[in-house]
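Read through the structure below, which is laid out as structure tokens, and then see the notes.
Should a chain be cited, it is by its letter among A, B, C and D, assigned in written order, with residues numbered from 1 in that chain.
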Amino acid sequence: MHAIGIDIGGTKIAGAIVDQLGNIVASDRVPTPAGDSTLLEDAVVQMIDSLRARAEEEIVAIGVAAAGFVDAAQSTVYYAPNIDWRNEPFREKLEARVGTAVVVDNDANAAGWAEFRFGAGRLVSDMVMLTIGTGVGGAIVAGDRLFRGGFGAGAELGHLRVVPDGLACGCGQRGCIEQYGSGRALLRMANEIADAGGIGQGLARVRSEHGELDGRLVGEQIAAGDAGAIAALRQLGHWLGQAAASLSAVLDPQRFVFGGGVSVAGELLLEPIRAAYLEHLPARGYHPEPDFVIAELVNDAGVVGAADLARVWVAEHAGTPRR
Amino acid sequence: MHAIGIDIGGTKIAGAIVDQLGNIVASDRVPTPAGDSTLLEDAVVQMIDSLRARAEEEIVAIGVAAAGFVDAAQSTVYYAPNIDWRNEPFREKLEARVGTAVVVDNDANAAGWAEFRFGAGRLVSDMVMLTIGTGVGGAIVAGDRLFRGGFGAGAELGHLRVVPDGLACGCGQRGCIEQYGSGRALLRMANEIADAGGIGQGLARVRSEHGELDGRLVGEQIAAGDAGAIAALRQLGHWLGQAAASLSAVLDPQRFVFGGGVSVAGELLLEPIRAAYLEHLPARGYHPEPDFVIAELVNDAGVVGAADLARVWVAEHAGTPRR
Amino acid sequence: MHAIGIDIGGTKIAGAIVDQLGNIVASDRVPTPAGDSTLLEDAVVQMIDSLRARAEEEIVAIGVAAAGFVDAAQSTVYYAPNIDWRNEPFREKLEARVGTAVVVDNDANAAGWAEFRFGAGRLVSDMVMLTIGTGVGGAIVAGDRLFRGGFGAGAELGHLRVVPDGLACGCGQRGCIEQYGSGRALLRMANEIADAGGIGQGLARVRSEHGELDGRLVGEQIAAGDAGAIAALRQLGHWLGQAAASLSAVLDPQRFVFGGGVSVAGELLLEPIRAAYLEHLPARGYHPEPDFVIAELVNDAGVVGAADLARVWVAEHAGTPRR
Amino acid sequence: MHAIGIDIGGTKIAGAIVDQLGNIVASDRVPTPAGDSTLLEDAVVQMIDSLRARAEEEIVAIGVAAAGFVDAAQSTVYYAPNIDWRNEPFREKLEARVGTAVVVDNDANAAGWAEFRFGAGRLVSDMVMLTIGTGVGGAIVAGDRLFRGGFGAGAELGHLRVVPDGLACGCGQRGCIEQYGSGRALLRMANEIADAGGIGQGLARVRSEHGELDGRLVGEQIAAGDAGAIAALRQLGHWLGQAAASLSAVLDPQRFVFGGGVSVAGELLLEPIRAAYLEHLPARGYHPEPDFVIAELVNDAGVVGAADLARVWVAEHAGTPRR
């Protein structure tokens, strides 16, 4: 029961053959053809053919993950910011070209599903994953199933509002947690702290040497224990914990999993999250509480999750005509 | 396939035999014995016996709904504010006394399920219900299933935070939507408007005649079209629409259903909710949008939903020994 | 080396003979004569005479503590809210009548000094005491000496501002920590939570039975573990911890001591204080941190501290003519 | 009784022989060796040797001032941002190399002490000094003694919080007075005013001619009486006066002294500080009030204060073995 997972990112397309235990049997990677959806489709087909040529078992399904909104039927991409797609029937198109069952899903959903099946969420039935990358992605698993929402656009957890009339967000609103809890927010906070002088000279020093701080520089300062960089990370955790408290009132997960580039900070990130969560949890003490852990499948979560979602779809729909 | 539904409220216990189409075949009602859980248990048993005596078909299951937190297995009540219960194994106790399968659930969940099965939500697979009574209750149906959360304490939608450091809430936190979108909030806003003078002389007049405005007085002014009372209702809708926008980012329902006493205002309530929702919806225009409707089963939702949840449980577990 | 301590409160005058180890050898108590400073002076003189009649050793000095501002020379009371005093030369007046050295000091200073000498502060050289009674009183010990400020009006820690344009304070300003961290603030928060409904039914129940909640009722609910009452206490701690973080930047004590009626809550109060302190501490990790403890001499701190301050004055000024 | 004072700054090391009246007898200055603590130590030793060679009297002690946290024993530097020091036992190291008593202190403490002994604070016993340079430094003199705090990290007055969740500060927190009352804050406000157009065309003009405004340009506009530049200075004074009001409630000084580069604005700075102070003073009218003056020893305060602190230490510990 091998399946192929494809993860279409902004700069590269990653693909892999994944077995039923989540192991990667073979993998591939090419640059994302910029701004041309036909070239992109060709590149995906070519990667599938190339992986299939290396397959040792039958490939039962193909899962594709991409940033954006995908309908609840895992077929049509309403909108994908990295590609020129609006209401694109990608599942149908790709199945016609590759002759195998295809499902399409949101990349954060795929990553969350991979953690649930093979990583940090494998011991629980209900988890929430927050992917702290440039933005804040979300995935919800409830009752052992991926939660997609009525139109497939659910679990956009980065757009939970935490501050009325707050900072402007790329979604067109203001005050979304993405502006307070993402990698981009970390950079903003780190630059502010560096410009404000004071302790944590590491930040201020690299700021004056390199100009605007980027993720690598801030990450190095966190790793080096610079107090300014750690203070920025604490501010992130402060907000993420507050958002998690609201999410608990709605979703009540057994576990929160934090992934994405910023999650390599580990306990330095989790500790302020837990503190803020407990301080802001409604009805604290009247019901069980979740735990907070770091994701395990950092780089491969997208392809592994996409492949497994495809395999699950095939298993559930074996012998069932599509709609 | 008849089932009995019991709804334990703060002042009365309602019970009914409900058929598989959601129709009430027979019903009963007694006052809630105050502050004594043994008397309450006796009253519930007595009502079940009395209803069973009137049954024309076999009663396959009994569903009990109460305000509070119930575990995900629909068995143990972590906490029920109206009764003296902490970690009460009520399912087990009641089954031992009545000899029929029992399930216990949260009252807002029961009401939401009833709307989903037989009322305003019966045409969709994913809905969110907000019950605007004294507080704000919540229920989530996702993929045709009631969403309970990992510990059974999910869908506490009244405790989504909308204002950091906002008004104090009964849950121990501040700024929950319950303090801005509930019947209690409506009264606060109406009294404030009356005290501030200005438009809507109706409110100010009854305020000076009767003192503190209560729900009946404000309801009459809304019905009479008083501008002040309608402004208070609009403020409520303004906040509820903002909360719905955050809930859409997380849950993406096809439909929002509004129930509870305040929902009798109908379109007067829905119109400002829709406006605020659209004003605050993340990524508006990039994915389908839900509609907003009023609940249909106002008074009977609790008993009908409790009965149907019990029937569903039996259908799913027929022949399965309980753990 | 016995001394007499007198504590003039709003409702009673307490007096005691105190030995050099802080032990009370004899004590007395009378109601405060309301609104008449001559009667009050007579009552103090009478209490001193009566205590002196019971003395087994020579009384070397008399210390008087009262709420209000006392000059740095421990002589003149600028203002005492409980008595009709403005710029009252009470030290001189009382010495003339009793023929023994007298010092006058602020009551929070006296209590803080007692803790420093014989209670929770006896192992440190620099401590800050916050007395959480109806208001918030303060005392500072720095380098083993009581810190009075240049005019004697220092350590009014309750009037550190924590919220610009915040809640109105009795001092004529807005946003003082006294409005967020005092017993009065606790009552306001507890009443708000009770009125908002929800968990913590204890608060709501006694609110509906007794009307406005008072200190005794809230204290009982805290002791009973009611979640609403504990949430109110947490909010208090949340603010007190933030104030302590600012006070640390200024005063850098080795220990914070919390006294007053609310401090009987013990760890339930200290835990949220510590959490908020760490979250808001400037330059965290770059210097040693204080600990947080509860006061030990709750009821007798005023008389014990007043007596000891008088003894210290005599010891330091032995043979020195007064100015 | 001559002593040597050394002031280690970010760009230069200043040193001087100072007599017991605070006069500078001889002085020296070298660039700070960047980023190498061994070279820095050598440079300090060399400067001491060179000054000693020019001494006409015995040098009884050496005082060293540096930005950062120094322990209460004036021995160990917990942290110095300009040097690569964490928990550096600098007193012991330097004494071993120069064979004379050494004390180490924070640079703002040294400057404050110099003002207290020989400058703007010489007539009072209790003063607070705020040094308005790039950041905001603080020093407290209480009862004729320098106030260091229990761990030596007190008087960090720049980190009194004035705005909850305010602007990011280099200390890792938000809303510190340093971000509203420093030279850096003045530049931010001046640039904002210039960009906003309106009054004070001078600011806007130099902004468009030179780009980002720096301290020199803003200083010239203040000197020229430009309304925009003076408005920025007033905003600074507005915040500093509010902070002073909170500091008075805690410290009750007889005098506030303002030093640092921005203090050359003199009355233009003091006038809005006094106004805001009076507007925000708790219990105004019920106790004496401090006055507000500009520092007198601007450039030499660091070396003069460091030398005098060393002399005081020797006088107090003559014949006393260290610890």
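Rule of thumb we're sticking to: a residue touches a chain if its C-beta (ideal position, glycine included) is under 8 Å from a C-beta of that chain, and two chains touch if they have at least 3 such contacts.
In this text, all values refer to a predicted model and were calculated from it rather than measured experimentally.
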item: Centroid comparison with subunit A (C-alpha atoms), farthest chain; value: C
item: Of C-D and A-C, pair with higher C-beta contact tally; value: C-D
item: Copies subunit B and subunit C touch via same or different residues, half shared test; value: different
item: Turning angle required so that subunit A lies on subunit D, C-alpha fit (0 to 180°, nearest 5); value: 115
item: Centroid spacing, where centroids are CA-atom means, of subunit B and subunit C in whole angstrom; value: 48
item: Approximate Å spacing (C-alpha centroids) for the pair subunit A, subunit C; value: 53
item: Whole-Å gap between the CA centroids of subunit C and subunit D; value: 33
item: Subunit C residues counted as touching two or more neighbouring chains; value: 198-199, 227, 230-231, 234, 283-284, 286
item: Category of the chain touch graph - line, ring, star, complete, other; value: other
item: Touching pairs among all chains present in the structure; value: A-B, A-C, A-D, B-C, C-D
item: Residue numbers on subunit D that touch subunit A, as the complex places them; value: 79, 81, 134-135, 167-174, 178-179, 184
item: Subunit C-touching residues of subunit D, taken from the complex the two chains share; value: 69, 78-79, 124-127, 138, 140, 142-143, 145, 147-164, 169, 171-173, 176, 242, 245-247, 249-255, 280-284, 286-288, 290
item: Residues of subunit A touching subunit C in the complex; value: 198-199, 227, 230-231, 234, 238, 272, 275-276, 279, 283-286
item: Complex interface listing, subunit A residues touching subunit D; value: 189, 192-194, 196-201, 204, 227-228, 230-232, 234-235
